[in-house]
Amino acid sequence: MPTPERRYVITFGCPDRTGIVAGIASFLADHGGWIVEAAYHTDRDTGWFFTRQEVLADSLPFGVDELRARFADVAGSLGDGSNMRITDTGSKRRVVILVSKEGHCLYDLLGRVASGELDIDVPAVIANHPDLGDITRAHGIPFHHVDFKSGDKATAFARVRELVDAADPHAVVLARFMQILPPELCVAWSGRALNIHHSFLPSFVGARPYHQAHQRGVKLIGATCHYVTADLDAGPIIEQDVIRVDHGDAIPDLVRKGRDIEKVVLSRGLRWHLEDRVLVHGNRTVVF
Amino acid sequence: MPTPERRYVITFGCPDRTGIVAGIASFLADHGGWIVEAAYHTDRDTGWFFTRQEVLADSLPFGVDELRARFADVAGSLGDGSNMRITDTGSKRRVVILVSKEGHCLYDLLGRVASGELDIDVPAVIANHPDLGDITRAHGIPFHHVDFKSGDKATAFARVRELVDAADPHAVVLARFMQILPPELCVAWSGRALNIHHSFLPSFVGARPYHQAHQRGVKLIGATCHYVTADLDAGPIIEQDVIRVDHGDAIPDLVRKGRDIEKVVLSRGLRWHLEDRVLVHGNRTVVF
Amino acid sequence: MPTPERRYVITFGCPDRTGIVAGIASFLADHGGWIVEAAYHTDRDTGWFFTRQEVLADSLPFGVDELRARFADVAGSLGDGSNMRITDTGSKRRVVILVSKEGHCLYDLLGRVASGELDIDVPAVIANHPDLGDITRAHGIPFHHVDFKSGDKATAFARVRELVDAADPHAVVLARFMQILPPELCVAWSGRALNIHHSFLPSFVGARPYHQAHQRGVKLIGATCHYVTADLDAGPIIEQDVIRVDHGDAIPDLVRKGRDIEKVVLSRGLRWHLEDRVLVHGNRTVVF
Amino acid sequence: MPTPERRYVITFGCPDRTGIVAGIASFLADHGGWIVEAAYHTDRDTGWFFTRQEVLADSLPFGVDELRARFADVAGSLGDGSNMRITDTGSKRRVVILVSKEGHCLYDLLGRVASGELDIDVPAVIANHPDLGDITRAHGIPFHHVDFKSGDKATAFARVRELVDAADPHAVVLARFMQILPPELCVAWSGRALNIHHSFLPSFVGARPYHQAHQRGVKLIGATCHYVTADLDAGPIIEQDVIRVDHGDAIPDLVRKGRDIEKVVLSRGLRWHLEDRVLVHGNRTVVF
């Protein structure tokens, strides 16, 4: 078996019918494509079919551009080529991180980048407070403080957008960025802006979810990684997790315990997004 | 150390001040009371103090009635005797169970009773459908089918109330009873009516929570055991738990997986209630 | 989309190479086979490929016997037809349950059968104690008490084998059966005898695992569902889960809390086994 | 209620008898001591009693030294003053961290220190590899590389001991330090050397636990924070947790997933140790 190094990742969705798997698999087999990971899902409610496949790059006699062109024909013949996407693991992903003052998610992500666990480029960290500049720069990453206080928000967000778009990132991560993205940015970054919300959505939407959780007296608190849409905290959910709390936990305890869940949920969601494991279908996700 | 058999369980709450623990502990020590379990909690938001203590019955020179009378004096001197309660583990608890058609919670509870894990009397199972009669009677427990369809609901609930109140139960368990209790029953059974709701509250209140969960695309589903109040699914939460689901789980899968969480959350909540471990404070609970 | 009713479940394993998925999918597509669920796995250490597919029975122009014959040819051409298996969800599975005195797993399984969650036949419950006879018979299931005390074990096990083999079951479930199967029965029932061990294996093999866990001072206890082999508690693991305990939990508390994990782990493992989701590979399992 | 700022933390253990709680509580109440947190435990097997109490420093008319002296009398009168300990939250705890090449636990701890979540001094990070020097120094913490390769281990450990003891730390954290402490250091640092082992102990003691876990085919992997003793990976367990894995996870996946559990288990264990929440009793711990 060849070393599973560089791979092409194919994701595809279309209305289900007989022969889709055969069509894709035969196309790949005909060109010697070695599938190292394959997942399929049929949504029983909508009758849609989804797949994600990893093919060894070296096993195919052509490059990613020709694979895209040829696979587009296959996808078209299976129904609909518009929900097809092929990426190359050989090109590094770029991730821009937006933060505020709370650094736990940023620290966590930077640690994963430094250790090589997340093999990505971080061309910029953008913040509405200067506090996290030192740790960012210690990792050799440019830090941009955008002032949201002295001027109007529209100007600030225009600056954020300029900085983000300059990096042309595969993901924009709101790592406890405490500002609500304006609708035009939700649209511009649709499908690649990821937020970590510090509650088990749909409970406790909006501000101060740990305070809301404490007041309701829940016995578990959670965190949710989701795609940002114009509806606040209502976008497609990528990952969630919870941690147990009890009556002895005051709000600062919820905040502290919740951080450990936020970090891990965000990093899982980001990893899956960057590995093209997340397919959005309506307001739900398929996570392969 | 004496065998930890029959115990008196003291629960008490009052505004916090210096000397409460000393007052209670000294009273017990002065009479030779052997404390086998003790828990304390101070709610930092409201400044209230709560405690639960288990004392070996044989270690005291008097019975539960005199203990109540004497402890009332102690509690009064510490501030407020009105939130005091003393129960005797020597007298068996009575639990009435209300069900509909779905039997998983009932089966689970009956199994725990049969094995002695739940050492309680179940004087009646009451249902708005006849389906679960056979299994109930196989356990030697009277089963009452109350017709909610042919007549009006008020009459049906009057009959339910009659049956429940005849048993004078320590707990009324709504084990997937698919009827909403009328406000007067919520009041009459306040603090002893327990419901299992098949969602991680406050998400997905009301009908068909698994359908709601599926539509929202959550990655975990849950169950909540709470005291019934006139506000639907909004009473004090006793226990919650969750289980992971993914895109491959259709609604019947959520229903099936959720059952395992419902059963265990309900049985934990009921056990804690019957052991006087649950103290209600506003709309929150302290679970010792 | 046709109603996903009766299905043929295909499982297959062989050394990995290019074109296996295409070969299987094309064979099915050529006959109009509608795949409703498909999973693939390549074991990177051994280079083996595994798959499980569910095909709608009505979508194929032939029955299960001809499917088996034709698929054997396909499998043979892909390398090795010996690890192929096709079952028909239209024929009910038979499960024999072996118990001792502890009834929680039996109660749980009977409840799932009664509610239709587990759509199986239970032709016999066999026990080395008479205690669980009443509940078994209340479910209309024959109960066989085999005496292990007065005679020798070999005779007793011969009787157990006779009863089990008369039912020709798809699964023999050791639901807290406290006797160690003799090697010849491990061989005879290889791949269909499932045990629930009350620890998180490989910790605490053998007798009294909760006592061992308590002595070691672990902070979580667990349960393991595994295939029975001649090596005690060392067979391929199907499913495991854990529950948190603390210093306040004495051994009876571990026993009580552990039961809830045992039940759910056993029922999950059994469901997956009966749905042909579990493929054994060496001493490990692939669970699709 | 006074602000819960500076506190004295009292921990105490002795053979159980009537009147211990009363004795302690009355002593504190007599001097106006305001108890903000109190926990009690009686070990049913050994008949030992344990308690941990937090008292507001300002509520007492004397300082920590006199509290120690006076409480020693109380403890002595209750049986045995030798298992008593009183610490002052007003003095910062010192923690020395030992690492090797793997940085995830170190990154995590440094992030918690930088954000103030862990309010401690880290006077030194000591490593047998130079790799983690930069990130340590970026946090303003001295980094010491001790060479274990060129010379003998005894010399290297003597240097480690010298560096550790110079800091007189409250905790020595082996944060994936891949060297086995020699017995004399286990003794010298008894009760304050914490290790994170990357398995759910007692499973997979020693080297390469993820490889062992993969080979055994477990469905959950775990991590254990325990006190270091001369018996490898056999010291009293402080905290454990697990994460689910499946057949698709190769060893590098186990390593990656396991890291997230290691980090959180170590940081919880360290926090509890530093807050004097962990009382060792034989080879088990009481965690208040």
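First chain written, first letter: the chains are A, B, C and D, and each begins at residue 1.
In the analysis below, contacts are C-beta pairs under 8 Å (C-beta built on N, C-alpha and C of every residue); 3 or more make two chains touch, one makes a residue touch a chain.
As the structure is a prediction and not an experimental result, all values here were calculated from the model.
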> What is the chain whose Cα centroid lies farthest from the Cα centroid of chain B?
Replying inline: A
>> Going by the touch criterion at the top, tell me which pair is linked by more C-beta contacts: A-C or A-D.
In response: A-C
> Where the centres are mean C-alpha positions, what is the separation of chain C from chain D, in Å?
Replying inline: 41
>> Using Cα averages as centroids, what's the distance between chain A and chain D in whole Å?
In response: 35
>> Counting only residues that touch at least two other chains, what does the list for chain C look like?
In response: 37, 44, 248
>> Using the touch definition from the top, list the residues of chain D that touch chain C in their complex.
In response: 41, 43-45, 200-204, 215-220, 222, 236-242, 246-248, 250, 283-287
> Which bits of chain B are touching chain D when the two form their complex?
Replying inline: 1, 4, 16, 18-19, 21-23, 25-26, 28-30, 32-40, 42, 44, 47, 59, 244
> For chain B, which residues are in contact with chain C within the complex?
Replying inline: 37, 102-104, 107-108, 110-111, 114-115, 117, 135, 138, 248, 256, 259-260, 264, 267
